[in-house]
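Before I ask anything, let me first share the structure, which is written out below as structure tokens.
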Amino acid sequence: MNGGLRAQSVSGRRCVALAEAIAQQFWKSAGASDASGTFSKSNTAAMKEQGLYASCVPEAHGGGGIDRVFDKTLLSVALGRGCPSTALAANMHFDVSWLMGDLLRRRPDDVQAPMVAGLLVGIGNGDLAVCGSFSERGTDLLHPQTQAEKVEGGWCLNGRKMFATGSPGADLIGTSVRIRSAGEAPGLAIALVPPGAPGLRIEETWDALGMRASGSHDLVFDDCIVPDAMVRRLGNWGSWNEDLLRFETISTLGLTGVFLGIAESAQQILVDQLRASKPSATGRRAIDRYSIQSGVGSNEMALSTARALLARACSQFDERVLLGEDVALEGLHALMAEAQAAKTVVNRLAIEILDRALGLSGGVGYLARHPLSRLYRDVRAGPFMQPYSPNEAFEYVGKVALELEPTVDR
Amino acid sequence: MNGGLRAQSVSGRRCVALAEAIAQQFWKSAGASDASGTFSKSNTAAMKEQGLYASCVPEAHGGGGIDRVFDKTLLSVALGRGCPSTALAANMHFDVSWLMGDLLRRRPDDVQAPMVAGLLVGIGNGDLAVCGSFSERGTDLLHPQTQAEKVEGGWCLNGRKMFATGSPGADLIGTSVRIRSAGEAPGLAIALVPPGAPGLRIEETWDALGMRASGSHDLVFDDCIVPDAMVRRLGNWGSWNEDLLRFETISTLGLTGVFLGIAESAQQILVDQLRASKPSATGRRAIDRYSIQSGVGSNEMALSTARALLARACSQFDERVLLGEDVALEGLHALMAEAQAAKTVVNRLAIEILDRALGLSGGVGYLARHPLSRLYRDVRAGPFMQPYSPNEAFEYVGKVALELEPTVDR
Amino acid sequence: MNGGLRAQSVSGRRCVALAEAIAQQFWKSAGASDASGTFSKSNTAAMKEQGLYASCVPEAHGGGGIDRVFDKTLLSVALGRGCPSTALAANMHFDVSWLMGDLLRRRPDDVQAPMVAGLLVGIGNGDLAVCGSFSERGTDLLHPQTQAEKVEGGWCLNGRKMFATGSPGADLIGTSVRIRSAGEAPGLAIALVPPGAPGLRIEETWDALGMRASGSHDLVFDDCIVPDAMVRRLGNWGSWNEDLLRFETISTLGLTGVFLGIAESAQQILVDQLRASKPSATGRRAIDRYSIQSGVGSNEMALSTARALLARACSQFDERVLLGEDVALEGLHALMAEAQAAKTVVNRLAIEILDRALGLSGGVGYLARHPLSRLYRDVRAGPFMQPYSPNEAFEYVGKVALELEPTVDR
Amino acid sequence: MNGGLRAQSVSGRRCVALAEAIAQQFWKSAGASDASGTFSKSNTAAMKEQGLYASCVPEAHGGGGIDRVFDKTLLSVALGRGCPSTALAANMHFDVSWLMGDLLRRRPDDVQAPMVAGLLVGIGNGDLAVCGSFSERGTDLLHPQTQAEKVEGGWCLNGRKMFATGSPGADLIGTSVRIRSAGEAPGLAIALVPPGAPGLRIEETWDALGMRASGSHDLVFDDCIVPDAMVRRLGNWGSWNEDLLRFETISTLGLTGVFLGIAESAQQILVDQLRASKPSATGRRAIDRYSIQSGVGSNEMALSTARALLARACSQFDERVLLGEDVALEGLHALMAEAQAAKTVVNRLAIEILDRALGLSGGVGYLARHPLSRLYRDVRAGPFMQPYSPNEAFEYVGKVALELEPTVDR
């Protein structure tokens, strides 16, 4: 795509090219998946089989070798241009696999490193798709109410999650829990659970305005036992810690990429339609009108803005964190602030791009069969992505700038 | 509704109260009609039976007696709060019946006055629902391509219309045609045709992002004969004339009312939901948060703005036109410019109100079953309403202000 | 002005016509007053002599007889088109004189009625110009820190005010004070003080980006004695009461009118300049370009919006308060919410109109000698007007809508 | 500055650090220069003496060695934080000196290379400051009306220029002219003229809303003779050519940097003021209020956006042009489209940042002595910068995207 972002590494370029090719396949079925509101398991299968799901696995473990968040994010952009629902689910898979690789790079001696390495090999082989489940009704990301109680050899989970995007196609579900063991403050942990585990039930509740094929269902844990090896404590319940902040930052960047992809796709559809449009009764083509030209120009400027902002937020993460700068919580909050800026601004720009594209398309874009009307619904999901709504993001970023405690007042 | 617009006449208050009561009934089925995408004939029947469809018929002809455009517009606002699709269809009925009454008030000796009076009695009795059909692919309102050729005792129609909102429930369809008779410049005329007329076919093509129950189908005229009495020449084909400009101005105001109604409904839903919401884990209610309060305040300000602008555009029409001022084309263009300002700004504000309401509702508003997600789709139809897109409206209003020829350059 | 607001009463039309004529005089010297940053005492003198300052005095007391807030507000709009600084000062004069008349209409038996009647006769004769002084550093309108201590036959004032607009031309200065007398809760009162009173000093501190000729200086009270008759307790210190809320509501509406006047003036300048502009080298005139036409159209729409919103807020006040509806605090808060909506939206629109006018004027509007560059500075003062900043207004209006205690959290 | 852009090369970092240090000196006198409206010759002298004006001269010619447009642009950002008027003038100097270096890198055998090398040595020594003069009343950049007629050994110039920023401090003035010589199509050329040349007169006309110390005066050429060596034909009069497009692209990027610098400075002033503010009567500090926090956050997001967009536009230029890609006109138009996107969006964001900063500062920011009120005036100059107004930029970028002839319809 003209003016589009380019991967920064050789492995990135290879994986992104694959994602673009696969996205073109997904585009063909995206409308039907939306209409039926069903998660496309065949898309997941294709991404596993064709090696795309191995993209963020280190080469040593048989993967595509992406280690830059910049390049990882471009996978989401590419898939977002094809099937946004699938891209949302894939992003979580890339998040988790990237973080596993990151863990091995940063802490090769971690006690859970062998387990993580094993999982990476599985992902690298195309055997495993991972999804995540971090949302619950009436609380926020730092305060999950789903409980993990210590039992012999593992943990017993009870609670209800929502918005478990990608769960119908997952082989492993990462879920956030509140853990408590004797003598410790309540912790926030991630448990990895296979969907067939006893005591875990997927309730197919997802039916929304857009992102209808994302399978963002409810999960119910009812005395579900998870072995010790598959539970990782990140820090204390109720406050940010470094691992969680890294996770949420890269996840935010990837999710934002999906919505940039939607906007890029919409602009391409619009430009193609306009260039093919025939002269009206007066002999003028649509593209001869200033209002059409300047509307297209507005959208291009919005795309340039969105790309640049997302790219820079990713680059800053790669430069500072991967080069070992700013590893403390304060530095991570500064990077998260950049990611939240990217999320907030890119989502708003993407919504505006779709709105403008709908208008410039004439009435035809409002028809149900036209892809712009589908993308108009999909793109509105962006501001709901965790961990911060736009209003919360403004507060968070402001607090970081003012050097106040960067928590959001809920 | 608090702060809402109040009808300006006794008859207006009575009819608007009826519209509000009926709208509450329609609200209950609006979600189902949207889901199935079917026009609600029972809504049309209810409006005929309960006398609402007689609102704009003069009392002398058995109607509700609304003669102010202000009050007529409030009917659309009220219905828009209940079922926007139904309101769109009803607006056209009110447009046509108001204009018939207006014709009798202004030109009691018109050669077609007896026929018009007869139709008004029928509408007053609740026997007739009227819809309109003015759009065609690839051309604009002033240049219909549907032909009416003179034949013995009437006219023979050929052509295809689109967006014939309300056609499934109509007893008469008003349609714009290009007429030509010997020795005359091509004319622009309105023909009234019953849906069962030989040579007229409704193709149920309507399937869109929103306004899904509006029945905005295609009409195909294939040697359809219409008697002379039911065809009225408004002026020359291809340019504005006074009758058409009056028609489009009041129609624009009524359509705008529908979208104000949607926005009012959304804000009510939001405020009710917020006031009922329970404290979070931290003990604070949603409405205790500044960002929620100020978001609600932003929406209130947008509603105040939309109401005021629509009200003033209506009042100006009533004051100047009904009092006999500004009856020339130039004066009507100034009023149309106010109507276009109202349309453009109110539609944009209504879209923003829905967008903000969706955000303030939390993720729940994005769910398919939540009325805000339906209204979010419906409200986006506003800018597509004839005769001008927003970009065209800016140009039109600018040309009026600059005293240039007020046509839009297409 | 085409599309402009029209006074609602005969007396209103007469006074507004006078204001328009005087505003044209003021226009000629507005640039020079701005450049030197001096308050125009001759403008005040002209308004007294030509009877404009008597506009809001009841006819029985020799005045112009305006009793509707709608018409009073149009005085500020008209003056705002001429000299915004002068209009700001005049608005306070109209506020106070209108409220005095209102007091006599509502409470003819009030103990201070004779004194008020005497002042009204003075204003009606053109002998008195009144200004107001309600702002202090580091506190808000409800919490003045300037003290009035009871002394024999009067009150002793101490404190410092700022933004005492119009003080250089005033014969009486209304100032808010915190009063305390034995056995009473601290009160909020208005004291009327002549500028030459012992213990009152005007410090000519005003030097700002715009509104440079408004004389918005500091006042210093240093044991300044004010007789009992000239001090009126409105209610308790620190909370809204009905009199203060009425005062602030009509004042807000009038101030908003000044900024509408600025915007109207700017658009007139722009349209006149564009219509007079010569063809470029390519033979096209500026007004032949779509971008110019649509920019002018955007400004027209913004003006229509601003006028309608301000008009409706005024009409609601006149209808409900003057007809005796909603006299309780809750009803007044609803009206204040409409006034705050008008203030916030009109100010923002006016700023946008000036910004767009500057752009559409080409580089010439940016030159210091061009009136648009002056108005661009003046118009930015709008959002600073008391009692609420835009952020506070969103909160206030939201709280009213949510039926929360309508105070702003500072 | 936290989150600010970092130079990409060693020489860039050295020169930008110098610019930042000098900018801090300039900050101290910027208010006084604005008040008096005089160009600061001592600032020019300081930049020459301290070596800053040599930044874009190749090291081989005794300069700072900046060859990336990214780094060159950061010089303007840094100076914009200190004295925007000076930064505007300096930007043109950097444009010209960078292009001279670029010419030597790209076309070492050019017939004018020795002359250019000589000038670069002079700039490298701190002997020469260059300014530019490309604007004329009633025409655009591609159609200068100033004539250069061939005479013996040189050219004879006649015409009037405006907006010759920096002219009072320049040793050489680059000016665009229409040249015609026998047998050739009219050409567009740049002539370098010393300010003391016979027949050249600077008319000190500049007196504007902002950028008051930029010395953007008129130049009058009256039979001014310029030797052949100092005139360079870029291409045909009236259309883009590669050299001119490169020049305007890098100039646009640098100018945009000045306005980013203004915005960064404003945000810093605001944050410092807020962090130092004392608790109000209620005991809360300004920074404890959500509306303040989220306003600061909005500004931070706008800054992140502006930085990212400008940075990416610069990087794209450096990557494609300097690496030899896209040297044809079409590729340059794509880069110019990115530069115009950056210009349009960054200028708008910078204006919004200043507007929001003014509001968040409270009334104090509106005072004439407060730097925010000065920067509020300066920042509004951005959209007027050549070659395209915002409306023209939307059209231009749209035409590039639609693959239409990328000229603007004036």
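Observations on the structure shown:
Here the chain labels run A, B, C and D in written order, and each chain numbers its own residues starting at 1.
As a convention for this text, a residue touches a chain if its C-beta (ideal position, glycine included) is under 8 Å from a C-beta of that chain, and two chains touch if they have at least 3 such contacts.
What you see is a predicted model; the values in this text were computed from it and never measured.
Just to note, of B-D and A-D, the chains joined by more C-beta pairs in contact are A-D.
Using CA-based centroids throughout, the chain positioned farthest away from chain B is D. Chain centres here are Cα averages; for chain A and chain D they lie 39 Å apart. Between chain B and chain D the centroid-to-centroid distance comes to 52 Å (mean Cα coordinates, whole Å). Those residues of chain A in touch with two or more other chains are numbered 289-292, 294-295, 391, 395, 409. If you check the complex, the residues on chain A that touch chain D are 2-3, 271, 274-275, 287, 290, 292-298, 300-301, 304-305, 307-309, 311-313, 334, 337-338, 340-342, 344-345, 391, 393-404, 409.
Interface residues of chain D facing chain C in the complex, by the touch rule stated above, are 135, 138-139, 143, 145, 163, 207-210, 212, 278, 280-282, 284, 289, 291-292, 295, 351, 355, 358-359, 362-363, 366-369, 373, 376-377, 380-381, 383-384, 389-392, 394-395, 409-410. The touching residues of chain A, when paired with chain C in their complex, are 289-291, 294.
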